[in-house]
Amino acid sequence: MARFLKSREESDGKSPGSLIFIGDQKVDSANIRLIDYDPESLTDKELKDIHVTAHLKDTPSVTWININGLHDIDMVQDIGEVFELHPLVMEDILNTGQRPKLEYFDNYIFIVLKMVRFDKTTETIINEQLSMILGRHFLLTFQEQPREIFGPVRERIKKQMSRIRKTGTDYLAYALMDTVVDNYIYSIEILGEKIEDLEEDILSDPDTSVMEKINSFKREINYMRKSIRPAKDAIYRISRLDSEIIQEPTLPFLKDLEDLTSHATEAIDTYRDLLTDQLNIYNSVMANKMNDIMKVLTIFAAIFIPLTFIAGIYGTNFEYLPELKYKYSYFIFWAVMVTVAGALIVYFKRKNWF
Amino acid sequence: MARFLKSREESDGKSPGSLIFIGDQKVDSANIRLIDYDPESLTDKELKDIHVTAHLKDTPSVTWININGLHDIDMVQDIGEVFELHPLVMEDILNTGQRPKLEYFDNYIFIVLKMVRFDKTTETIINEQLSMILGRHFLLTFQEQPREIFGPVRERIKKQMSRIRKTGTDYLAYALMDTVVDNYIYSIEILGEKIEDLEEDILSDPDTSVMEKINSFKREINYMRKSIRPAKDAIYRISRLDSEIIQEPTLPFLKDLEDLTSHATEAIDTYRDLLTDQLNIYNSVMANKMNDIMKVLTIFAAIFIPLTFIAGIYGTNFEYLPELKYKYSYFIFWAVMVTVAGALIVYFKRKNWF
Amino acid sequence: MARFLKSREESDGKSPGSLIFIGDQKVDSANIRLIDYDPESLTDKELKDIHVTAHLKDTPSVTWININGLHDIDMVQDIGEVFELHPLVMEDILNTGQRPKLEYFDNYIFIVLKMVRFDKTTETIINEQLSMILGRHFLLTFQEQPREIFGPVRERIKKQMSRIRKTGTDYLAYALMDTVVDNYIYSIEILGEKIEDLEEDILSDPDTSVMEKINSFKREINYMRKSIRPAKDAIYRISRLDSEIIQEPTLPFLKDLEDLTSHATEAIDTYRDLLTDQLNIYNSVMANKMNDIMKVLTIFAAIFIPLTFIAGIYGTNFEYLPELKYKYSYFIFWAVMVTVAGALIVYFKRKNWF
Amino acid sequence: MARFLKSREESDGKSPGSLIFIGDQKVDSANIRLIDYDPESLTDKELKDIHVTAHLKDTPSVTWININGLHDIDMVQDIGEVFELHPLVMEDILNTGQRPKLEYFDNYIFIVLKMVRFDKTTETIINEQLSMILGRHFLLTFQEQPREIFGPVRERIKKQMSRIRKTGTDYLAYALMDTVVDNYIYSIEILGEKIEDLEEDILSDPDTSVMEKINSFKREINYMRKSIRPAKDAIYRISRLDSEIIQEPTLPFLKDLEDLTSHATEAIDTYRDLLTDQLNIYNSVMANKMNDIMKVLTIFAAIFIPLTFIAGIYGTNFEYLPELKYKYSYFIFWAVMVTVAGALIVYFKRKNWF
Amino acid sequence: MARFLKSREESDGKSPGSLIFIGDQKVDSANIRLIDYDPESLTDKELKDIHVTAHLKDTPSVTWININGLHDIDMVQDIGEVFELHPLVMEDILNTGQRPKLEYFDNYIFIVLKMVRFDKTTETIINEQLSMILGRHFLLTFQEQPREIFGPVRERIKKQMSRIRKTGTDYLAYALMDTVVDNYIYSIEILGEKIEDLEEDILSDPDTSVMEKINSFKREINYMRKSIRPAKDAIYRISRLDSEIIQEPTLPFLKDLEDLTSHATEAIDTYRDLLTDQLNIYNSVMANKMNDIMKVLTIFAAIFIPLTFIAGIYGTNFEYLPELKYKYSYFIFWAVMVTVAGALIVYFKRKNWF
């Protein structure tokens, strides 16, 4: 499957808004976790049925429902009904090939982000879709599989004195997105370090594996860029929505998040440029090595081919070949050869060839 | 004929708005199909004469007239009269070298899109023009030849409970454009997969055919880009038209379509960059191979040319050549040669040449 | 003279607005042609003296005065006086190194365009300046030499029933510009076809002439681009001028012209990219060929140099050289050589060198 | 650690706004220096405890508190409390991997800049974070370590007649930023001079070290760019803030600072382009040298290999080899060889190979 | 000194607005020339002391004071006092490393431009700073050294009937800037012609000097670009200033100047692209030549090395070597060699190698 594009191929001609899961099923069974809190109280439990949360939708407490696993279309359908989601939103949640984006509806904001992770074994970037439905009093998050990335946020929620307990769903959404973006920075840093380390290899020991690494890092950086760049636009637009869902005290945090995302995209561009420069340098190093190889060849050939020719002359069997008879011929022959070789060596030295 | 540009050459100096078919005639006879529906009723028939549809133009039912084949200028002229189209619109419909665009007239919106298709035999992109005239109560679509791309939409129309039956012409137009854009994504994905697969060939077995493939995929990607990029602008502008033709409930769908088109153009740009990177890598691999070839040559030449020279010395016929007489000369001779060869081998090993 | 820039060198320090003809004189004598028409009547004659047209300036009929040849400064001066042109406008008309542009004065619009033509003999683009002064009731056009490009427009004017006869000067100006832009498209297409045809040569038979063609086509494309790109801006601005000179019914035509110009500039950019890609491919093909050449050399050298060395050993004249005496030495010698050669051939085959 | 990106890795999942120092501790103990002045009086002293400055916050005198060393989190916390800073601001001050930026709060402006310095020993750019909190009557500056960069500004403050004494905190902030930007220009100039000097080496003596220099200068230029480019945006926005903190007479100075920063970023872009050009030229020079090497090899090989072959023929031991018997054979043999060599030399001369 | 950036290094830490001359002193003594005119009268004299002009500042006559030489700081200080200039303006006048710019103050406009000149001896661009202070009734111009570039403008002023005598200081400023921009065009044209001429050399006789020329022209073009690009922005902004200093009748002239500057920057970009293309072509030509060299080498080596080997076989001294005894061996030997050589020649011909 093309890694850089997941098509809706199967849904061709299907009605837009039909629910089809597009992606790899990564968990056995989907699960739903409800965290409902206000400054005083806190509920945290696994749910079987989404309908029990219907009444929480409009209570002033913060209601966070996290769904792991998207292949259970019925469940997603139920959620859509309970929270009155637009059919297109539900289609997008199920299609894990979405581009990060923000869409604003009357009662909620729909945010799609990509969570990225650098897999150290394969040295590739793994990419997972996070869909968020942010309402005035509820937040739905959809992940492809359970990952403990949001654990620390849950820890903070459990502490009664934390800022997160005193603020609304918008701050919770910010906290989750902040975690996602922190992960961008972290992944870029890991990859970046590897990229910066390449430089030394290129200059000291440039073999094919270095070039393959340049190539593969470039591909991974591009892959990351594809996930993060649109996220920047989406985050930029959140704080500019004139919506009651985003409360004024959360704005500086969103602004900070925006800066962080800019930082991430700039770092990505810096590393892209660095890799391009590295490939250029690699090619120059290769050209240098080629020059060195050819110099060796040329020096050997230019010195010994003429000498061999001279030896060849006196290896001929002409009956009348006067030089062969003289007693000192052989020594003169050596003297000539040493002179020729010496002259050529001086010539190449002058040319700075060695 | 230049593939990237079809000129209006033949119409030079002709009055703008003169009707001339520019393109290849792809069907024997043009055909007209009328689908007229509202939530309760549905008509679907082939027409001989467009004039019978005149009265449907302003009825609240959705009237979709699809024309296959553009070479029948009289027919197009008739349609123009019945639906009161601007002469330039009719000229553009007949010129299949149009650039995708949107034009807004008082009573209708004129949209030109390109339908693309990846032909697996020739591995090229096939490009066909779709012109749409979207009025308040009617939709005209013009295709160069009948293709079953819109079949699923017709199926949906036939289902009385489908959303499409309950909505207006604007939603129908959206549904058709959605199909077209889905096809973009699908075609890009097929091509993209082939492009991503190239990478392995480049590193493992880079011969000329790989380079030809890079080249031909780049050409196809560029060809696709030329069709899709302007479509993005056109679709962007539809939802921003302040026209009663586009009804409010259709807007989220158009917004979604816009996102999809952005997705397509971004994927195209990603693949373009990937191909450029691949050509660079290909060149680096070639340079590496050249280095390897030259190393082999240099090693052979540098070792055996001096040895041959030494042999040549003792092949000379000088009468007085003292070494020839000693009993162990031949073995010393071998010893010298082995030493020289060994020294050179060590030298090249040190240089990491093999 | 620098082809990409014609300086005003001669007018250095001269007062701006001084009238000096800059360019090559391309006709013996300048000529003036007046066409004056309204839906009912039509006048078409050559003029000696521009002053006779003075009274036509404000009559509602369309007055089109075309001047061929710009070296007659007095004549241009007269025209300037009769039509009350700004001195800078007159200076610009005479300087054929102008950049396409639009300037808006109180009573008229000044438009400079370049007419381009592909000269098939030299395979170069020829570039000629067209200056237009568009007033409410008159249109002045200045060409460097008579060319029949506007013939078809004149034909249309002669037909009493044509749209052009029923419309104003703005439509006439549009019709002329449309002809000019059609010529852009046509020229790009001719050049584009040649460019697309190059591809095959590059892959099958890449010699120096191919590279020279890539280079020369790139130069011509750039030259064309320099003429057409600013024209796009100028045309864009015409339909956005809030001037009574441009009447509302002409707007869709100007919009169409704008699209056509966009089409032209996009095609130019496409071909520029194509040429860049072609040069890259050409270089890769060259690198491939180099690899092939080097393989041939290396195979020959690596096989025969060792063999020659072996032969050299037994060509030495050592008195005590035991192998020479054995009866089967010569056959063993051959066997060794065949084995060495065979081993090397297998080695190179394994390396996929042939 | 990745030099181009310092992540907040450690704070993953921590509450945003938690205070953690990210960076290298560069001083033993943090120190606080208070300078408080108005046109008449001046106080300048080291502080142990920030709380003593609380009352100065709102007095009309200019209060400048400079903190060197950021690892003392308690101290920073105290400052945050005294000056009522937003938790995010305090987090950003402590994180030395910030991107230059400007943030506007109700009572103060938060500015992050990078101070850059070219280290002549390592030929690398050193980068240090400067955070400024600019209030109506106070200015806080945070540096990673004490550096005498602001010495001259302090000198000016000490002179009672200087402009700085007569103006407000905004002018003081400007004066400090001006010093920072002057240092950008100065560092770019030093690096730029080295870059311009490279050119000669490339053309006269292009060895690997030249290429390594090109590479390393490019990396340093990019590193500098990363610090300076966002600074330009921040400075641009200061003078456009509609805040009472920035007084009208300071605006021309900020405008000038903006120009200076543009100048710096343009110079950086110019040097980036120059380095790219230099690498291209370097590669061309390398290709030229390769051509020269190959010419030498080819000339030697092409002349002596055929001659050796001819000698080889007459070194054969055929019993019936008529030429060997003629008396003048040997001289004819020489004549043939001289002719062949001469012909080849003429051939190569004609090809302009030497 | 870095040519692309002149730093304020010496003024580090100095108060902004301190007057220091930065640049090379190019004249012995600064001189002041006053031209004061209105339609009726004209004064033109050298001044010793600027104070005598103080009363002219506000008279309606046009007062043009030109200063040659900037090293006399006292004089500049005096001028600043008389004309009440902002300290930053005076600092900028003295710093000849300024970037072209426009600054608008209450009573005057401050314009910095670069005058460029192509020095034919060194084939480099010389760059000199022109600072203009344009008030309602006075114009100050500061040059680094006297150059006769403004001579023709003075001539025009002397003619009582010229437009310049009837217009205000804004037109005078325009006339001077027009002269400067004309010089840009002229310099670009000279350089452009040289660049266009290079093309032929590249294809016919590409040696190192061609590459050095490409490199040096690129550097000069970039240097010019750095002077002209910001000038374009400055000129653009002059006509958009809503200031009484710029009178309405001067606007079309400024508009024309703007076009001219666009023309200049576009030409520069065209030539930059051309040079990049030329370097690419140069590299391709080099690669072609390398291919040719290698073909020669390979053909010689591949033909003669096997032949030499064959000769070597029959040069061995094996006692039992049957072929040596046959009478026709030697002729068969020749036949074999001719056949081998012929076969190889056919092979290379088939490969199109010669």
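By written order: A, B, C, D and E. Residues from 1 in each chain.
Heads up, the rule we're going with is that a contact is a pair of C-beta atoms (placed from the backbone, for glycine too) under 8 Å apart; a residue touches a chain by one contact, two chains touch by 3 or more.
Being a predicted model, the structure only gives us computed values, none of them experimental.
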item: Contact-graph separation of chain C and chain E, given in steps at minimum; value: 1
item: Homomeric contact chain B-chain C: same or different residue positions, threshold half; value: different
item: Rotational angle, Cα trace of chain C fitted to chain D, multiple of 5°; value: 145
item: Gap in Å, rounded to a whole number, between the CA centres of chain D and chain A; value: 26
item: Chain centre separation in whole Å, for chain C relative to chain A (CA means); value: 41
item: Touching two or more other chains - residue numbers and ranges from chain B; value: 283, 287, 290, 294, 297, 301, 305, 308, 312, 315-317, 321
item: Arrangement of touching chains [line / ring / star / complete / other]; value: ring
item: Round-the-ring chain order [start: chain D; next: chain E]; value: D, E, C, B, A
item: List of chain C residues in touch with chain B within their complex; value: 151-153, 155-156, 162-164, 174-175, 178-179, 182-183, 185-186, 188-190, 192-193, 196, 199, 203, 252-253, 255-256, 259, 262-263, 266-267, 270-271, 273-274, 277, 280-281, 283-285, 287-288, 290-291, 294-295, 297-298, 301-302, 305-306, 308-309, 312-313, 315-322, 352-353
item: Of chain C, residues touching chain E in the complex; value: 1-9, 11-17, 86, 88, 92, 99, 101, 103, 105, 205, 207-208, 211-212, 215, 218-219, 222, 226, 230, 279, 282-283, 286-287, 289-290, 293-294, 296-297, 300-301, 304-305, 307-308, 311-312, 314-317, 321, 323-330, 333
